[in-house]
Amino acid sequence: MEPEAQGSGTSLIKTVLWLVVLILIVGGLIIYGKKGGEEKEASKEPIKVGVMLPLTGDGAPYGEPARNVYLLATEEINTAGGVSGQPLELIIEDSKCNGKDATSAAQKLINIDKVQIILGGFCSSESIAATPVAAAAKVALFSPGSSSPDLTGISPYFFRNYPSDASQGKVLAEAAVAKGWKKVAFLQEQTDYALGVFKAFSARFTELGGTIIKEEVPSNTIDFRSVLSKLKTANADAFFLDPQTLPVAERVFKQMQDLKWKPVLMFNDVVGGAPETLATYKDLMEGALTAEFTADPNNPKFTKLLAEYKTKYGVDLLYASSYGPTEYDAVYLIKTGIEAVGNNGEKFAVWSRTVKDWEGASGKTTIGADGDRIGGHTLKIVKDGKAEVMK
Amino acid sequence: MEYLTHLAVLVGIYSILALSLNLVLGYAGIISVTHAAFFGLGAYTSAILTTVYDLNFFLAALCGVLVAAIISLFVGTVLSKFRGDFVALGSVGFNVIVWSVFLNVQELTRGPLGIPGIGRPNLEFGIWNYEFSSNVSFLVLSVIFVALVYFLCQFIEKSSFGRALKAIREDEEALQVFGYRTLHYKLAVFVIGAGLASIAGALFASYITFIDPSTFTINESIFLLSVVILGGLASNRGALIGALALVLLPEFLRFVGFPSDIAAQMRQVVYGVMLIVLMLYRPQGLVGEYKL
Amino acid sequence: MTSTILQTKHLFKHFDGVKAVDHLSVSFEKGKITSIIGPNGSGKSTLINLLTGLVPLDAGEVIIAHSLHFTRVKSHEVAGFGLTRTFQDVRLFEQLSVLDNILVVLTERGVFASLFETHGTLHLAQAEEVLKKMGLWEKRHSLAINLSYGQRKLLEIARVLAMTRSARTGRAADIIFFDEPFAGLFPEMRKVVVSVMKELRAEGRTQILVEHNMELIRELSDEVVVLDAGELLAQGVPNEVLAKREVIEAYLGE
Amino acid sequence: MDIVPQLIANSLIAGSIYAILTLGFNLTYSTAKFIDIGFGVETAIGGYSVFYLCKTLGLPLYFGIFLGLFCSGLVSFLAYRFIYKPLRARKASGTVLLIASLGVLTALQALVAILFTSQFQTLSGLIQANRVFELLGGTFTAVQLSIFCTVLILSVLLAFLLKGTLFGKAITAISDDEEVAKIVGINTERVMGEVFFISGMIGGLAGILIGFDTGIEPIMGLSWLLAAVVAAIVGGIGNLYGGLVGAYLLAFAENFGIWKISGEWKMAIAFGLLIIFLVWRPRGLFPR
């Protein structure tokens, strides 16, 4: 005998509540219906491309600048006449750098907005989770930023113009051995990109007889002083810094200066391609080894991107070295692809495998059969605050 | 329609989480901010067992329940020693420790790379083999699970055990004088809650086909807390309503015309303000009975 | 003194220096109403809290029915030995209904047993009988928190009555502590409580009453124990003890 | 081992930031008797207001810092006035207040992210030379030294405030027993409002110093708050000076834990310490 403890108050709340839930569902259906209907109007109607980006949570620092680059590129394309006459329209969804929200964003873009191409999965976790959803709906998933080795050959509908971490790690390992280094201290941020670089580097380096003293730090670490002091006492031949983002790298360099520790340095392309960081910590960086894959500074498209970004947003392009150019190229690649095979996911995915030496802000782009971007990293050495190609 | 079935599956998974947390928080009054850890234990155990050892989904989910139950027994015993707000703090501690294990024990969980390619559940009877690959079939499976969990929670609520839990919530010391070993009750409900949460974890892992530590942080536990509080404490219907509202809210906001850059952050503002307004004007949530 | 059912030996309890109960040895007769009186802060409530395990003993021993010796009383074991109590500052299960407040005391105590038991007709009958006796049956669906102060006091007594019926603890309660049950009650409610206590005495149950109202003490108690600053001042038949000079002094001397 | 002096220096620096935060946290806990999670967001508010005033608007540094402290104090006072006060008037439980303060943290944190994007910012550009000192093998910068001194100044100031002034006596009275304080005629609501204002300022000060030393981001609030809570419990929750000891103990445990175990388990070590203390000494080292 369930004692009905409260009087009429709860039944009023209950009716109001069921009303709210009803509206939610009906609202969803109406919007779903309205969006579906737009398809049949005249050809001047915009081509819709889905975008998945982490706009909140830990991934937000990458998502916001990426969105700015996408909007900048779209604006440029539309002022220059759009995609074979039709304007390009981006529908941006927040995928929060995790699997659950990535699948929700993908489902919404595919089923409500009926897009054929999704520009995104920025974090690898987003791309891995969204790929089966896109593949099932024959929609092409094109990521300018996911670098996890797990994505290599994951599905014919997935491809990326950001290189897998494997190539970078190998090049640097061979360079270290060439320098005769036997012991390397390694500081790795606990993210998929940084772990990928470490795995490639340590596989090759240990294969060639080297040993590694490794320390890992979670992404939200602010105080690196003790970890750095610990690596300092390892007195290895070189110190490899493997961060996910630039702010982490800058915090480490600042604290290395505080600790008066000036080892021989190596770092991944997140730092290697950041000219202003190389300049500010010039003396610390002298002779540091890095591998560069994008942005050789005198690439005309790259310099144009930097200038336009500064004028439009009044701020320097963040991650100018790594993600900026690949995001910019991605929008143009989509334009070229649609003009070649039309706004169809399946055809676009097949077309993507034929891209060869396509000139972009991030240099020559070639996509391999496994959906990865071919083209390794070029070894570079930092001379007087600038990264130059190692002879 | 795919989109709505997708949302329905998510609502189902979060309903199981909300129902199980409601048992612990709503009925027994234990402020557990570590529910996402058991959600994660279920997900990781079943993901590892299905991908590495190729175990059938239902068997792997059962193992997940066992793992979560054993660990929750230990966690529950430690938490029962704390009083008042320290229970919430202690549980935050456990959630951080379990998350660190997911992130650092890379031989087992592949750390930040997470576990991709988790298979969908399949049922085999002799020669007949059915795989829940399509979203709709998965929705049917999750609705069955939600129904089972809902009736288990109703069964508990109606039983003398449920009434004893509510009495513990009200005045544990007084209840002891009348002959109840309240520690056993709190452990029992904590283990049941953890077991059910791990079932949701197994479902989540095989539905999204990829898991990584970032889904099982304290923020997720705090989100689950607000689901149960919004829905209404000590009411199973409230837990369902809370899950429905807070899973659909972000999706609904996708359609509302917030400019895209602040849309995402606005959602966080809405959550924060909702928690404040609830505490000020309706601490027992939408349809709950128990006022915190 | 064969009929002693409950005895304490050199019970000692201090709260950071202040001696609440000072080497108290007292015994309570079976089937009798023994009143404990004494000025405020003389250790009356502390004694009850010690005997029901709410507050840990510092030293001394509690003996039940000559056989069970305790130097540490655990509150969840108390009911198993037939002890139950009301609380001075009414402690009900506030957001549970009046009926649930009674049923929780009647139903199974073990986790598994209680899981598979939804209260049967027997429990409802017992609950109805007890609530009707205390005049709370019409209020059975309202939450304890919504009752008036007097009704809340009556509900506490109803709960104790239910313990005398409930054998789920392995032993129906036959030693009942009343901690100022009459405080704040209207006269007709007092009559109800007095009649209940007399009924319980008729059933042979032992009752220990902490009370200030001398008129009620004279009417109800077979024996009186006088405490002062945690020590036993006097024990015996009411009018004999209350006439003693030092007892009056202890009361008026404050 | 030449690493030990450096570890000690690191622990003292980290311990000092924890100490400031724990002082602020304990101030509100000892009077209002609930765990104010909203206190965490004060660090971001303090840091970002100085960032906005000095870096974007280019106001002079000291003026910016003063305004920054005032802003974080004001936010904390408003949160008390419009959220915690009505709840306390209704005798709401500690849990209700805890969850309401969690709402304050989540909402304000997102507002800061809307105004300043989620990018990581640093204030170190605002000060000229950040000379590095070396003492017995441990190196630390001028900013870090100033953090250490701030703790000393702050503790002395608070000690004087609590012991020396009428306002301080009112605070001690409230933290002993609010009901008695009311009877004695202290306007507890007004004093409580001022306590929240001061605690907000302390939180803002910590945020500014963190901004100079390492940097600030909108979501920094929760992790710094949890560190302060662990330190407060280790030291004896509610006890201002116990909190100081707790803060340094936590910092030493974390930094030496990194040395002995490894960096990835830093958060697990901190919370392991919390649980050990909650089990064996819930009232902490110096119970109130």
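For reference, chains read A, B, C and D in written order, and residue numbers begin at 1 within each chain.
Assume a residue touches a chain if its C-beta (ideal position, glycine included) is under 8 Å from a C-beta of that chain, and two chains touch if they have at least 3 such contacts.
By chain, with names taken from UniProt: A = Leucine-binding protein domain-containing protein; C = ABC transporter domain-containing protein.
Treat the numbers as computed from the prediction; the structure is a model and nothing was measured.
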Exercise. Where the centre means the average of the CA atoms, what chain is farthest from chain B?
Worked result: C
Exercise. Which chain pair is joined by more contacting C-beta pairs, B-C or B-D?
Worked result: B-D
Problem set entry | Most central chain, Cα average position | B
For this session: Calculate how many whole Å lie between the centre of chain A and the centre of chain C, each centre taken as the average of the chain's C-alpha atoms.
Result: 71
Exercise. So how far apart, in whole Å, are chain B and chain D when each is placed at the average of its C-alpha atoms?
Worked result: 32
For this session: Using mean C-alpha positions as chain centres, tell me how far chain B is from chain C in Å, no decimals.
Result: 43
Problem set entry | Centre-of-Cα separation between chain D and chain A, whole angstrom | 35
Exercise. Of all the residues in chain A, which ones touch at least 2 other chains?
Worked result: 5, 56, 58, 60, 64, 190, 216, 218
Problem set entry | Residue list for chain D, restricted to those that touch at least two other chains | 113, 264, 267
For this session: Could you list which residues of chain B touch at least two other chains?
Result: 103-104, 158, 265, 267-268, 289
Exercise. Which positions of chain C touch chain B when the two form their complex?
Worked result: 52-54, 75-76, 78-80, 84-85, 87, 91-96, 100, 103-105, 107-109, 111, 114-119, 159, 163, 168-169
Seminar exercise, completed: Per the touch rule, the chain A residues reaching chain B in their complex are 2, 5-6, 10, 13-14, 17, 20-21, 24, 27-28, 31-32, 55-58, 60, 64, 67, 92-94, 96-101, 103-104, 107-108, 110-112, 124-125, 128-129, 132, 137, 148, 150, 154, 190-192, 194-196, 216, 218
Problem set entry | chain C partner contacts - residues on chain B that touch it in the complex | 156, 158-161, 163-164, 166-167, 169-171, 173-182, 184-185, 188, 289-291
Problem set entry | Of chain B, residues touching chain D in the complex | 31, 78, 81-86, 88-90, 92-94, 96-97, 100-101, 103-104, 218, 222, 225-226, 229, 262, 265-269, 271-276, 279-280, 283, 292
Seminar exercise, completed: Residue set of chain D touching chain B in the complex reads 34-35, 83, 86-87, 92-100, 102-111, 113-114, 222, 226, 229, 233, 264-265, 267-268, 270-272, 274-275, 278-279, 282
